[in-house]
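Each structure below appears as structure tokens.
The following pair of complexes shares a single chain, chain A, combined with chain B in the former and chain C in the latter.
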Partner chain A sequence: MILRLATLSVPVSGRALRSACALGLCAAAVALLALWVGHYPLALAQLFPAIAGDLGDVAQMVVRDHRLPRILCALGVGAGFGMAGAIFQTLLRNPLASPDVIGFNGGASCGALLAIILTGGHVVAGALLGGLASAALVIGLAWRDGLQPYRLILVGIGASLTLSALGDLLMSRMDVLTAADMAKWLIGTLASRDWQDVALIWGGLAVLGPVVLWASFPLARLSMSDDVTTGLGLALTPLRLGLSAIGVGLVALAVSVAGPLPFVAFVSGPIARCITGGGRPAIGAAALVGALVVTLADLAARMVPLVHLPAGVFTALIGAPVLMWLLVVQFRKGRF
Partner chain B sequence: MTQSARLVAQGITVSFGQRPVLKDLDVALPTGQLTAIIGPNASGKSTLLRALARLQPVASGQVVLDGKAIHRQGSRAVARKLAILPQSPTAPEGLSVRDLVIRGRTPHQSVLRQWSGADAHAVEQALAATGLAALADRPLDALSGGQRQRAWIAMALAQDTDILLLDEPTTYLDLPHQIELLSLVRALNRDTGRTVATVLHDINLAARFADTILAVRDGAVCLQGPPEQVITEASIQQVFSLPCRVIKDPVHGTPHVIPL
Partner chain C sequence: MTVDAMRRLPSGDRRPVVLAISLLALGGLALCALRFGLRPTGWGDVWRAFGVFDAGNAEQVVIRAIRLPRLLGAVLAGGALGMAGALMQGMTRNPLADPGLLGVNAGASMGVVLCILLLGVTDPAAFVWVSLGGALIASLLVFLLGGGNKANPARLILAGAAVSALCLALGRAILLVSQQTLDVYRFWVLGGFDGIDLGQIRTLLPFFGAGTIAALAASFWLNALMLGDDAARGLGVRVGAAQALIGLAIVILCGATVAMAGPIAFVGLIVPHLARRVAGADMRWLVLLSASIGALLMVAADLLGRLALFGGNMQAGVMAALVGGPILIWLVRRNGVGAS
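Then we have the complex of A and B:
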């Protein structure tokens, strides 16, 4: 099937399109469910007037000022992590890769902790600086006549382990209450996000989204061996650097809104590829899977009574079994 | 008999660390012919092919394509003239044969125009020429070794270039599949006038299928010419250090090497 629009012509697989529609519907359904359920009971009939109406009552405040921005943040953050994961997995030709591999999350955690210790605040700025610095360091250390996936992975794993130990060390230097607060942020949470955060994440996605669409054409071709890709006329090193920058940009955006939510970037790509099939990178589907996982995780975190758990506790708890189930179904079909 | 060569190496030197692999090597690929590059292991024959395809940077000298240094031309422009099938190429799991062949169209496509009538035509032709039309929707990893190699050749064909370079395309194939693949390459050369160069291990198959034999030893070209002239007992001894008898193949009339 060929998608045509003026001078644009892009081949689209029917299965990819169908699965993207299904995933989009699922994400929309979960988002509506998350708007409806919560500690403040809401009749289903109240939901739409509360979103669109002009009642000015408690229901409207709960839905519009609390639940809606939080859910929109969850969707955007999930999409960002999902796309970044799919980009790195394709770029590094490794289904187990994720932004953690190039040390972004470890750097972000250490940066946030350092910011708290040194300045008493500026968590997000610290996280971004730490994440970008460690990503640049890993790419720099792995550089030799270009960027080789396996070197990047090995250097990145070393850096991640070092940074995680450094994070523990920094954590032990704090007083207990700050440490407890930071622990929550470091797991990743969407509690009390407001419309400013929504503007940040969706504004960022609106800028990076078209870049990702643009990049998905060369990205699909980078999944073949280096000689093949070069033979087809693609410039490996600039493409790898550019795509890494896009991936890091997406993670930086998502981390600045929700903290380093674990596992979303890792799990979204493989789930998306299982669903869409065909050996393509499936970045769009990965964005939808990420959005779905984070929204579900945040809904689960909100539904646990009495304690305020961060959403990051549930991302792996929800994502991992889905991935395992999909992989087991594939083993049974004899695909591996 | 030949037009001027379009792909030429001029005094190229390639070293891996301290070890020189190609030493001040000059060669011109005869246009429109099927050239087989032979030579003992570690003679530099694959490196020569990779250097000709701008996959291997050269320390000195230059590779010239259509009168212009290859590294001064855009990689995409080169990819519209020259296709290379490297050794042991890999594709992502689950990729279908058709999608692989479509990727051969990359140098003719752009982000905005990812598909055109010419793309569709070239892909269908490449699938038909390699006899893969019926298998086009199968995943590459579900094919046999011979079929998979044909799929990679189909990708290189879809690139629609005048020059096609193949790096040991028959490795890991059994004899019937080697014959099948080389017959396909031979037919592609004859039917379309493509210039083809392929690295081969088997001297007898090279002699049977190629117009020109290019023998490499110790990083230098030591023989180049038609098999009947080039493959002799003395030359095989010189290139491979292999004592042998050379007879005329009773079926094809080409030289046939029998190691002693």
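Then we have the complex of A and C:
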């Protein structure tokens, strides 16, 4: 099937389109569910009157100022992580790759810890600076007549292991209370996000989204060997550099809103590929899967009674079983 | 022999030299690990502790009862993790694979958490069997999900990562909820080589022995497996059986290490990359060199953690990453990337 828009024509497989629509519907349904359920009881029909303010100030505050921004943040953060994961996995030709590989997460947690120790605050700024600096460092150290995936992976492993060890070291030098606070931030949470965060994440996505869409065409060709890609007329090094920058930008955006939620970037790519079928990197589907996983995780974090667990605990609890189930199903069908 | 003279030899001849050097360095470091520590002791004390042992002499008792088990633990753990990492990266053909990928570390942690939570066990000695059991169950699950003996690397990797993440997240959720469990668990997970005694090492020694034999035997097949499953079959290797043996070796080696020293994450990932700089593509040499370099790195990290850092103890695994990470980057930058 070919989509045409003026002079642009894009081939789309029917299955990919159908599964993307299904994923989008699922994400919308979960978002609606998350808007509806909670400690403040509401009937489903009361949702929109509540947002409009017809049901009084309390209902409006709960739905419009608490639940809605949180859900919108979850959707945006998940989409950012999902796209970044799919980009890195295709770029490095490795299903285990995620932004951790390029040293972003290790640098971010080191930066956050350093910011707390040195200035007593500015966690997010510290994390962003640390993450961007370490990503730049990894790319710089791996640079040698261009950027080669294998070398990038090796340098990334070395750097991110060293950085996370450094983070452990810093953590053990702090007092207990700050350490406990930091531990919670380092897992990632979506509690008490407001409209400013929503504007940040969705504004960022609005800028980066079209770039990702544009980049997805050359990205699909990167899964072939270097020689073939060069033969197709793509300049490998600028492409790899640009894609890494886009991926790092997406992760930085998501981390600055929700902290380093684990596992989302890793799990979205494989799940999306299992669902859409075929070997193409399904960036759009990965974004939807990421949004779905994070929204579900945040819903679970809100709904577990008695204790307040950060959403980061649930991303793996939700993503991992889905991935396992898909592996079993795919195996039965004889794929893999 | 100077370094330059070594470089002129064909690469096949460099490997025994590096192995010998790393073993010599290990011996030297081992002596240092016995000699240096919080309590000042001299070379004479080390000599007498093994020659004419005097149970009334505090220095000699420290060397034999505290430093020796610690040294043995570090050697065993480092060697085992190095070998397991080399096997894992060879079997999955993935440089990002670490031995924890078969779910061993996560399963062991999960076993210990559940054991503390449900049975109220607080005695560290009991954790040895619990963590071995957890490691076995988790890796069986990974193997089944990964397609049993028809496993293909890509699938195995995804299955392993999924099971590990699930176990770790469940464990973390339990720890966040139950304060008492956290109180016992956090000492186990810090682990390291602090509380090891000779009895514990004697219990686990058969496992390390069996794992080493299995790993060395498997490394002969791994050379063929590295060419791809079909090529290996063509060379007369039974792929399923070979993979099962490799998996078994990894589980035994890692399970015993986790049981002894808690989950040590980084060593198995870094060491094979260091060893590959010398060993090239020959898996037999890679496994041997990974064992010796792993033990070397671990003993050095443990010694460094005891001596250098703020007077306190630092996890040997964390120290190993602090030391090994920069070395890895330096090597990659200096030598460029080989074909491996």
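We take it that the second predicted complex is superposed on the first by the 331 of 336 C-alpha atoms of A that agree within 3 Å, B and C clash if a C-alpha of one lies under 4 Å from a C-alpha of the other, contacts with A are read in each partner's own complex, and residues count from 1 in each chain.
Rule of thumb we're sticking to: contacts are C-beta pairs under 8 Å (C-beta built on N, C-alpha and C of every residue); 3 or more make two chains touch, one makes a residue touch a chain.
None of the values given here were measured: they were computed from a predicted structure.
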Which superposed partner A:Leu33 touches (first chain B, second chain C, both, neither): neither
Partner chain in contact with A:Ile157 - chain B first, chain C second, else both or neither: second
Which of chain B and chain C A:Val101 touches, first, second, both or neither: second
First (chain B), second (chain C), both or neither touched by A:Ala206: neither
First, second, both or neither for A:Pro270, with chain B first and chain C second: second
First, second, both or neither for A:Leu232, with chain B first and chain C second: first
Dominant contact partner of chain A by residue count, chain C or chain B: C
Partner chain in contact with A:Met303 - chain B first, chain C second, else both or neither: neither
Touching partner for A:Leu55 - first (chain B), second (chain C), both, neither: neither
Contact set on chain C toward chain A in their complex: 94-97, 145-147, 152, 154-155, 157-159, 161-163, 165-166, 168-170, 172-173, 176-177, 266, 269-270, 273, 310, 312, 314-315, 318-319, 321-322, 324-329, 332-333, 336-337
List of chain A residues in touch with chain C within their complex: 94-97, 101, 141-142, 144, 148, 150-151, 153-155, 157-159, 161-162, 164-166, 168-169, 172-173, 187, 262-263, 266-267, 270, 307, 309, 313-317, 319-321, 323-324, 327-328, 331, 336
Chain B partner contacts - residues on chain A that touch it in the complex: 2, 7-11, 90, 93, 214, 217, 220-221, 223-225, 227-228, 230-235, 273, 277-280, 335
Contact footprint of chain A on chain B as seen in their complex: 50, 53-55, 74-80, 83-96, 99, 102-104, 106-107, 109, 111-116, 139-140, 156, 159
